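For clarity, chains are labelled A, B, C and D in written order, and residue numbers in each chain start from 1.
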Amino acid sequence: MTVGRGRTLLLLALLVALASLPLWAPRFWIYIGTQALIFAIFAMSLDLLLGYAGLASFGHAAFYGVGAYACGLLALRHVDALIPLLLIGALASAAVAVPIGALSLRATGIYFLMLTLAFAQILWGLAVNWTSLTRGTDGLIGVPRPALPGAGALGFTLNERGPFFILCLAVAVLVFLLLEALTRSPFGRTLEGIRENERRMRALGFPTFRYRLAVFVVGGAIAGLAGSLAAMSNGFATPDLLYWTVSGLVLVAVVVGGSRSLVGPVLGAFLVLIAQLGLSTFVDRWELVLGALFIAFVLFLPRGLVGLVRRA
Amino acid sequence: MDLSIRGLTVRFGAVAALSGVDLEVPAGGRRALIGPNGAGKTTLFDVIAGEQRPAAGTVALGGRDATALPPWQRARLGLGRTFQRSTLFAQLTVAENLALAVRARCRAGWRFWPVRDRELEREVADRLETAHLSGAARRRAGSLGHGEQRRLEIELALAAGPTALLLDEPMAGLSGAERTSAVERLRALPREVTLVIVEHDLDAVFALAERISVLDHGVKIADGTPAEVRADPRVQEVYLGTA
Amino acid sequence: MDVLNLAHGSFYMIGAYTAYSVVLATHSFWLALLIAPLLLALVGGLLELVFFRRLYRHGHLAQVLLTFGFTLVFVDLIRSGYGPTTRSIAPPPSLGGAVHFLGATFSSYSLFVLGVAVVVGALLLAAWRRLRVGAVLRAGVADKEMAGLLGIDLARVFTLTFAFGAGLAGLAGVIAAPEFAIFPAMDASVLILALVVVVLGGLGSIEGAIVGAAVIGLGYVIGTTLFPQVALVLIFGLMAAVLVVRPTGLFGRR
Amino acid sequence: MADQLERYLKSKLSDGVDRRDFLKLGLTATGMAAVAACGGNPTSGSSGSSGPTGPEFKVGAVLPESGVYAELGKSITNGMQMYFDSVANQAGNRKITMVSADEQTALASAVAATKKVVEQDSVDMVAGYVSSPNAAGNRDYLDGQKMPTLIANAGVNSLSRAAKSPFIYRTSFSNWQPSHPMGTYVAEKLGKKKIQLVYAKYGAGLESVAAFKETFTAAGGTIVGPDVATPFPNNGDQTPFVQAINTGEIDGIYCFMSGTDAVSFLKKAAELGTLKKVDLVSGSGFFVEQDVLAAITDAAPLGALTGLHWALTLDTKENQDFVSKYSKKFAGRQADVFAVQGFDTARVIVDALNAVKGKTDDKLNFMKAISHVAFQSPRGDFKFDPNTNNVVQTIYIRKVVHNSKLGWTNQVIDHYPGVADPGK
């Protein structure tokens, strides 16, 4: 009970601190904050798979990248409406997740991990080589941000950093609440049951494959939503977004933060992103520092950042 | 629900784990399956439950051919099972373990929103009571003692509301008192539930079973009432050890 | 050993750089071939003793995080030690030329690499099948308690195996050094390829790794000839196809 | 004593002391000068003691410090540092400071680095970008911020064409430039008419071979297919690509590859003896630039002809001066084309700052001053093209030779002056 209340308080404090960011933080930090929020959405979507359904995907960047490309392509074709642009990323990624999931979920453990990696790398190859659609290694650049209906009357647009940050925060909160509900729903409990003991779940009468596929698609869709936001935020979609290092980084974010908690991946995403962008712009030997940080985490905080809170 | 197994053959590489096994259990029947270790009892359960594909033979559940059905569909036809080694949801609470099984019966897994289901909570509470696990409701299943785990194992299978139940050594590792209470629990089941039980504890077998089938080296060597089986010379030879 | 080690590519990279240093200092490729595997075995053994040992219980994700950290550390150390410049070493003089054979041209060094691969593969396979150490490892991975009961000092076996694996990666790095360029990002591409090979072959199976390597190698060459742009993608496609049909790889059990 | 102090000051300045340190030193220097004056031996023209009084001028250097392009980033940084040091890090009465941020490889990192120097460090201008997608991907932001920018490497043609910006000038090259004269040279001067194209398939490779093809076919040459296009970057075996060179039917190859790819390709080609079987090995100069030659040594393609806007051996006073000073300053490191680009980038900044007397608030005026900068660079005549905001420069035809002093290097054998990108 007290843990639950502590968590809610922590979350509210985090939310208030974040929401006020545009009021006091330097512009650059609002940018970093925006990137971190998008990355946090991405990380939460992976935690749904990893933490709740026990699916260690090493190709989650595929859905992030597909979402970014879908949103970018649509925006460059003069679609100027926020909701469709956000949804297209989620829908495109969900559509891609269906066949990938159907094939990958036949395997388990490291084999599943490698299959998802393989499919992500195939999509990466597609992004690099299907130049007529994706413009190859140059990527889609100059992706415009959509107008927000009614915002003009209030005197701001999403092209300003503050409002865009708040948009990302709103989407992140929405995703958080959605996943929070999902994981506590009968569906979420069923997933946990499958994670714990799939054979038993089958014996009880659950079509476990369908459940795993469903959650894989939902996870993919949310990663695609994050991808949509990333395309809008950065103004580009490049093959790098689908590369396996991005899958690795988001996996690291989830583990560093602590999986199976939703809060953990958010904290992990902030830590990893700030460490990566922040360290690389301020410290020369940033890779060394980041690497040492990860090693220290494994050794001293095996349950991630939330492990600290949970123990307290 | 009646079970009708015909000509089941299962091979692991060159070894035949089961060869041409027939098994007929009428609805409401109480059947025990005995035989020495490695006789193929658990393999037979796996085939009936759909975990293992047979090389030949058919499985019919309630008169319906289920040979090609996946495990979860067989479960939905009314087949339940327990496992030789407890396979619980170790990280979940005892109550949540049972809730999963109840939801399986109600097919309530596809609800994406947290809902308070009082009926479900009441049933879970009742079942905890029945299994003498009320005090452990909020503990993780993995942290239970062996006896408690076995009780939960059986209750989990029952909560899914089976009309036919495969019990794989439910008494294994239990103390005398625990055995008695487990037998009581199974005897208290409604008459229409079919029971097939694999068990080494012959007291329990005779207390529960109306008929006994004997497996040895993947072949069914006897089938009949306890008295008939006891009298069967082949059973005495391979099973009771009188060479 | 059931360890997911992303830093294995780093061992390969360090092997190649060691070869570079040794060749620069002594002009002897053969000396490098001796020193680098030993050095890497030492490094691997130390890492196992200090870090991995504590993590077997924590599962693959902790290993991913730990070894991902190591790849970052190693690449930065290499870069600060050698600079980001691309380096290369020449094949030993006796293997510098080309061989004409069946109407095609092969570089002698490539044939040498092939030879080494066959020998190492055969030795490994023999050791795995015939010697006690293979049986011990298989038992250790399958059931740690049982192996412990049999009186096997699993901890020591694991350390030695890890060191041996690292040494082999170092050997691969030395062998690769004259064939490819030496640069600080060389660990990543080889790591992914190695993972693909091992998984395609089936984990915990030396036969699988050998067959997997042959399949991937052939697939890559055929792929490069037919569709040069997407050869790497084809390899992943190949692996995906195999795993979809056989979810535990070609030789995988369970 | 004053001499010693002056030397100390200069060395301190070149190390880039921060302002507080500098003030402290300045004060001490004044005191010392007074003491020296009493001694009756006044030093004259001590540049150290009369530092700039205007506000600091910050240059945001967005260059790769990690990843595959780190080497190029290092050379460019060195070149810039070297020129800034040569003018005691000041121009137009302003002290020049470099603020660096790691471009890395991926666009996302380059964007973050750019925003960091612009917003967090409030730089007065940005210089850098090794990779073309990174330069192109930051173009809209820099243009929108009206941020004076010098591209110090990225060669993507569009930055001199459709995507050019009044705030972005390029001191390096457009991909079109080094390859374009080579087509004419190969077809007309050498009379080689059948050429196969070999390239790493990405922006720079495609744009380079396209420029070659343009002049080559116009001069009557024929491209013999199929092209050998390698993936980029190609970390795998290069054998299949080397063997795809159709040695029987061609007079030669034209190749665009650089860095690690070029190293592994040339090594494999040397082992298999493929390049010995064609009359002409030609390409963009990056294919056999010093970094590549140094890495492959004995596998270097002797006699290969390539076009580039510079050569280590270029026999001009400016270049020889630059090459020897560079090597002295950076512990024996050899100068390369990227260092020259960095050096010239810094010079453009200094000359423009001097021209506006340090007044950079009027950005358009400052950009105008940049556009007027022209000088004798180590690479020869340097000026900007008002149509493209790109450098106009001489392209040298160079031949790979083994030089007793320098080892493997490129000898200039011909040149095309005043090559300007055709953008409008």
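Everything that follows uses one rule, which is that a residue touches a chain if its C-beta (ideal position, glycine included) is under 8 Å from a C-beta of that chain, and two chains touch if they have at least 3 such contacts.
For clarity, every value in this text was computed on a predicted model and none was experimentally measured.
J.: Identify the chains adjacent to both chain B and chain D in the sense defined at the top.
T.: Expected: A.
J.: Of all the chains, which has the CA centre nearest the overall CA centre?
T.: So the chain nearest the centre of the shown protein is A.
J.: Quick one: which pair of chains has the most contacts?
T.: If you count contacting C-beta pairs, the leading pair is A-C.
J.: Suppose chain centres are the mean of their C-alpha atoms. Which chain sits farthest from chain A?
T.: B
J.: In whole angstrom, what separates the CA-based centres of chain B and chain C?
T.: 47
J.: How many angstrom between the C-alpha centroids of chain D and chain C?
T.: The computed centroid separation for chain C versus chain D comes out at 38 Å.
J.: Give, as an integer number of Å, the spacing between the C-alpha centres of chain D and chain A.
T.: The separation of the two C-alpha centroids amounts to 38 Å.
J.: Can you check how far apart chain A and chain B are, centre to centre, with Cα atoms defining each centre and the answer in Å?
T.: 43
J.: Where in chain B do residues touch at least two different other chains?
T.: Touching at least two other chains: none.
J.: Quick one: which residues in chain D touch 2 or more of the other chains?
T.: Counting only residues that touch two or more other chains, chain D contributes 66.
J.: Hunt down the residues of chain C that sit against at least two other chains at once, touch-wise.
T.: 76, 79, 229-230, 232
J.: Every pair of chains that touch: which are they?
T.: A-B, A-C, A-D, C-D
J.: Sort out for me which residues of chain A touch chain C in the complex.
T.: It comes out as residues 50, 56, 103, 106-111, 113-115, 117-119, 121-122, 124-126, 128-129, 244-245, 248, 251-252, 255-256, 259, 285, 287-288, 290-295, 297-299, 302.
J.: Please give the residue numbers of chain C that touch chain A in the complex, ascending.
T.: Per the stated touch rule, the residues are 4, 6, 51, 54-55, 58, 60-62, 64-66, 68-77, 79-80, 188, 192, 195-196, 199, 203, 229-230, 232-233, 236-237, 239-240, 243-244, 247-249, 252.
J.: Provide the residue numbers of chain A that touch chain D in the complex, in ascending order.
T.: Against chain D, chain A makes touches at 26-28, 31-32, 35, 136-139, 141-142, 234-236, 238, 240-241, 243, 277, 280-281, 284, 286-287.
J.: Can you check the complex and tell me which residues of chain D touch chain C?
T.: 66-68, 70-71, 74, 201, 228-231, 235-237, 239-241, 243-244, 259-260, 263-264, 267-268, 271-274, 291-292, 294-299
J.: Looking at the complex, which residues from chain D come into contact with chain A?
T.: 65-66, 101-102, 104-109, 111-113, 115-116, 119-120, 132-133, 136-137, 139-141, 156, 202-203, 232
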